[in-house]
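Before we start, here is the structure in question, set down as structure tokens.
Chains: A, B, C and D, in written order; residue numbering restarts at 1 for each.
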Amino acid sequence: MKKLINHPDEVVTQMLDGMVKAHPETYKRLEGTTVLVRRNKSSNKVGIVSGGGSGHEPAHAGYVGEGMLDAAVSGEVFTSPTPDQVLEGIKAVDQGAGVLLVTKNYTGDVMNFEMAAEMAEDEGIQVEQVIVNDDVAVEDSTHTTGRRGVGGTIFVHKIAGAAAQEGKSLDEVKAIAEEVIQNVRSMGVAVSPAQVPGSGNPGFDIGENEMELGIGIHGEPGMETIEMTSADHVAERLIEEVLPELEVKDGDDVAVMVNGMGATPMMELYILNNRIHDLLYDKGINTELILVGNYMTALEMSGASLTVLKLTSELKNMLHKPCHTIAWNKSE
Amino acid sequence: MKKLINHPDEVVTQMLDGMVKAHPETYKRLEGTTVLVRRNKSSNKVGIVSGGGSGHEPAHAGYVGEGMLDAAVSGEVFTSPTPDQVLEGIKAVDQGAGVLLVTKNYTGDVMNFEMAAEMAEDEGIQVEQVIVNDDVAVEDSTHTTGRRGVGGTIFVHKIAGAAAQEGKSLDEVKAIAEEVIQNVRSMGVAVSPAQVPGSGNPGFDIGENEMELGIGIHGEPGMETIEMTSADHVAERLIEEVLPELEVKDGDDVAVMVNGMGATPMMELYILNNRIHDLLYDKGINTELILVGNYMTALEMSGASLTVLKLTSELKNMLHKPCHTIAWNKSE
Amino acid sequence: MFTANMAREWVKESSKKIEGNKDQLTNLDQALGDGDHGLNMTRGLKAAVEQLDEDTDEPGQVLKGVGKSLLSKVGGASGPLYGTFFMKAGNHLEGSKVEFSELASGLRIGVDGMKKRGKTERDEKTMIDLLEPVIEVMEERGNDVTPDHLMERANKSLDMVMEYEAKKGRAAYYKEKSKGKQDAGAQSSYYIIQALAEVIKKEG
Amino acid sequence: MFTANMAREWVKESSKKIEGNKDQLTNLDQALGDGDHGLNMTRGLKAAVEQLDEDTDEPGQVLKGVGKSLLSKVGGASGPLYGTFFMKAGNHLEGSKVEFSELASGLRIGVDGMKKRGKTERDEKTMIDLLEPVIEVMEERGNDVTPDHLMERANKSLDMVMEYEAKKGRAAYYKEKSKGKQDAGAQSSYYIIQALAEVIKKEG
């Protein structure tokens, strides 16, 4: 795979600098770190820090800004950031009201953020951590690693971010983030792989006439390899897999994200949405909000994911609050 | 190339329906047409209609909304829409103040929109047409087809849209659109091709270790095929090619778009911007606004383009006006 | 004599030939354009056949309808060009019995409209380089024109246009590199002329 | 006796081996994970070598520094795990002359910390399946441990871990399919043990 980069060792720092140079009013980069922090802090609110490996852009730095994150910590490509970096992020955004860490459920992310939380607490900062695990392609079992965190993370950012912006306490913000996590499920599909810069070959193979159902955002395998099929059929499979655990029924409100994996034309995402919307509509489910676009990507992976968030009235309320970030900009 | 579609004949209509279903508050589709029109019309303003072949999403329908377009007309993939469709768009948005057509300089677009304008004038609607031709990869000569229209079109939408929203007359809106066209230049580069749905193979080939400099948004060839090189070097070549015709100098203000061709990870666009920003900064040029993202794509083509708009104070003023569309959302 | 039936046959035969050579046209357009000419023309001519006025006995009516179908179904560069061609030609033809010399005048008006719409001259490597020379033969020969006259000139033009440098449409971006490659629109015009020649042979 | 010099040599030799086998580690991680283990470990151990405390004569100090480097340079799953391992081990070792039995106790504390941090048990197909059995040998043999003892057990464990089903980390998503494929972290642990054995052989 051909890449418009300079050197694999520099992709993350040059990307972060490129982001700050494009949006100097939104961000600054903490010197010597891979942490982007919000420029215009609202005072005295709970800080929200997220992050993870790079390669998922616009996640996570694209969600830094009013009404969402206060800082994003970027690791190397597909590699969790280190605890000292996360700690810098925590320290930069704490205003005395404490800090919520939003982590996706990968061993590395969980451990590195956990260690950072311990270090921050040693310095007297109140820290809580929530772990997003929305990917229904992976079985949830206490004996294994459990479900992965994928696109649903964006809804956690949005709603926890809105709650923090409203001035809610750390416990309250954490509780609503947990509520999102309980109510959000996703599944992805890939038609072609991604390649980590500097590695010699793509992360996985997909046969000429195949697609991978239940793929993870780092190319982790999913439920099954299936024959290439129509967009409508893909939409149907995704809905079939995602809905059951949410127990949504006639009259429920949901938010939907039809997410591109990085290299998927918008045309295809809208064609998927055309069917996804109708499937929900036919079940009497009300789509309060539908996001279609590249929200949580995997470099140049080609494919899409569906995320459905079941809304309570409180979640709905927070979902509709304004936010001002590069990747999600919502007016009053 | 594997595509998440149903049938090549249905991609455009299913895409448009998918867009409307995701954003019912923004659009409606004129029945039986491929025209998306704005829902909340501001009254008595000049209407702005753009369009062209599909496959460039979010262009053009993504720019329909307050402060930009009133309607977008979509043709088949990479094929100009027909005059009758454009006419429907014109009729739907005319409020008596006349309609401006924004066309990219391709023979098909120019002719189809021109015929639509003639038909609309026959029906008593005042219509003006501007033709965007910002691609410096193609020589501008009156004896040939002239320069192509590419990413610069988005700035025409933005600024003409703002002027119309301000209540300016058709002549004034046309004049400012022409001013943008005079002051905007672009060039693109591709590392891998796109494939029109239903055609048996990609639109062009690029060697394993090559890239195509000066590519068009339908895969038209550019200036030269060069060896794969670093992002910094690509940034330098694009700046070198784009700036001279604009005669920007120390102290000038510009708006910049670092645009993805469809399958390019955001990471790579920001790495390009990291260098593009510095090259402009070193020349003493002030970047009033930098857009980084997928604004004018070519299906799953992988690559990027640079657009630079030289700003007068009037253009700057209009650029900073709010707009509310799917693809460009700017608050006060 | 050119009749409404012959006009209808012309369109149906053109549609068959174009659809049968869809991939060739698309490949030609892929090499020098954007690879949709086969798709565009197949879509347009299918619509033209479906919307054919089967009731009229006036060939002008038939061709006008074909022009409208092409205009509203093809898009791209070829839609307005072929649309203009057939509409203008159809507009000129009057009544149910049209002499071949009259047909020639009609097609002349059609191709002139096309040139104006496309701001194109001869020798710029477009469909005009196929259509106009053949129409000239028709004008020269008047009512004595034969299918062989048409095909002889069409074959010659097809060879010639291949060597031109493209000046209009997307192929123009290739400059000298367009020499030695066939123009997709010239090729589709060739099939349309071939269809006309066959219809004249059969009916005439 | 385990000295500060030996500790430094251990790290340098580990770095050499890991960098030399970067592609192998990355390929293993690609088959069962995300393909960055070779990159992660190379980056981390290079930093550890650069930041080596060359002045101290206390091996505990050296290992503590290594742990910190890994923790702040590796990231991913392996960073906190190896970081914890070396930091905890280093913390335990006191003074400049450390018996091998003491080293064993230090590494035991290291690996226990790793298990706690990773919420991992034995036989879950991770680096722990290489480290812990070798540490057990060290504990059993005390000061009489030889390089051959270490390598014998490491070789055996490497074969065994290959057949396990992964329960932790990204490899767990492969479930039974992970059997018969080597775990990247187990492989990097193997090189780290190999480096230790070589250092003991050379200096001991």
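Basically, a residue touches a chain if its C-beta (ideal position, glycine included) is under 8 Å from a C-beta of that chain, and two chains touch if they have at least 3 such contacts.
Being a predicted model, the structure only gives us computed values, none of them experimental.
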Chain connectivity with chain B absent, coordinates unchanged: A, D | C
Taking each chain's centre as the mean of its C-alpha atoms, which one ends up farthest from the centre of chain A? C
Roughly how many whole angstrom separate the Cα centroids of chain A and chain C? 55
How many angstrom lie between the centres of chain B and chain C, each centre taken as the mean Cα position? 32
Whole-Å distance, chain C centre to chain D centre, using C-alpha means? 76
For chain C, jot down the residues that touch at least 2 other chains. none
Answer with line, ring, star, complete or other to describe the graph linking chains that touch. line
What's the complete list of touching chain pairs for this entry? A-B, A-D, B-C
Which part of chain B faces chain A closely enough to touch in the complex? 2-7, 11, 14-19, 21-23, 54-55, 57-58, 62, 189, 191-192, 211, 228, 230-232, 234, 258, 262-274, 277-278, 290-292, 294, 297, 299-300, 302-304, 324, 329-331
So in the complex, the part of chain B that touches chain C is made up of which residues? 53, 75-85, 106-108, 111-112, 115, 138, 143-145, 148, 196, 198-201, 203-204, 216, 218-222
Which bits of chain D are touching chain A when the two form their complex? 23, 26, 30, 33-36, 39-40, 43, 71-81, 117-118, 167-170, 172-174, 177
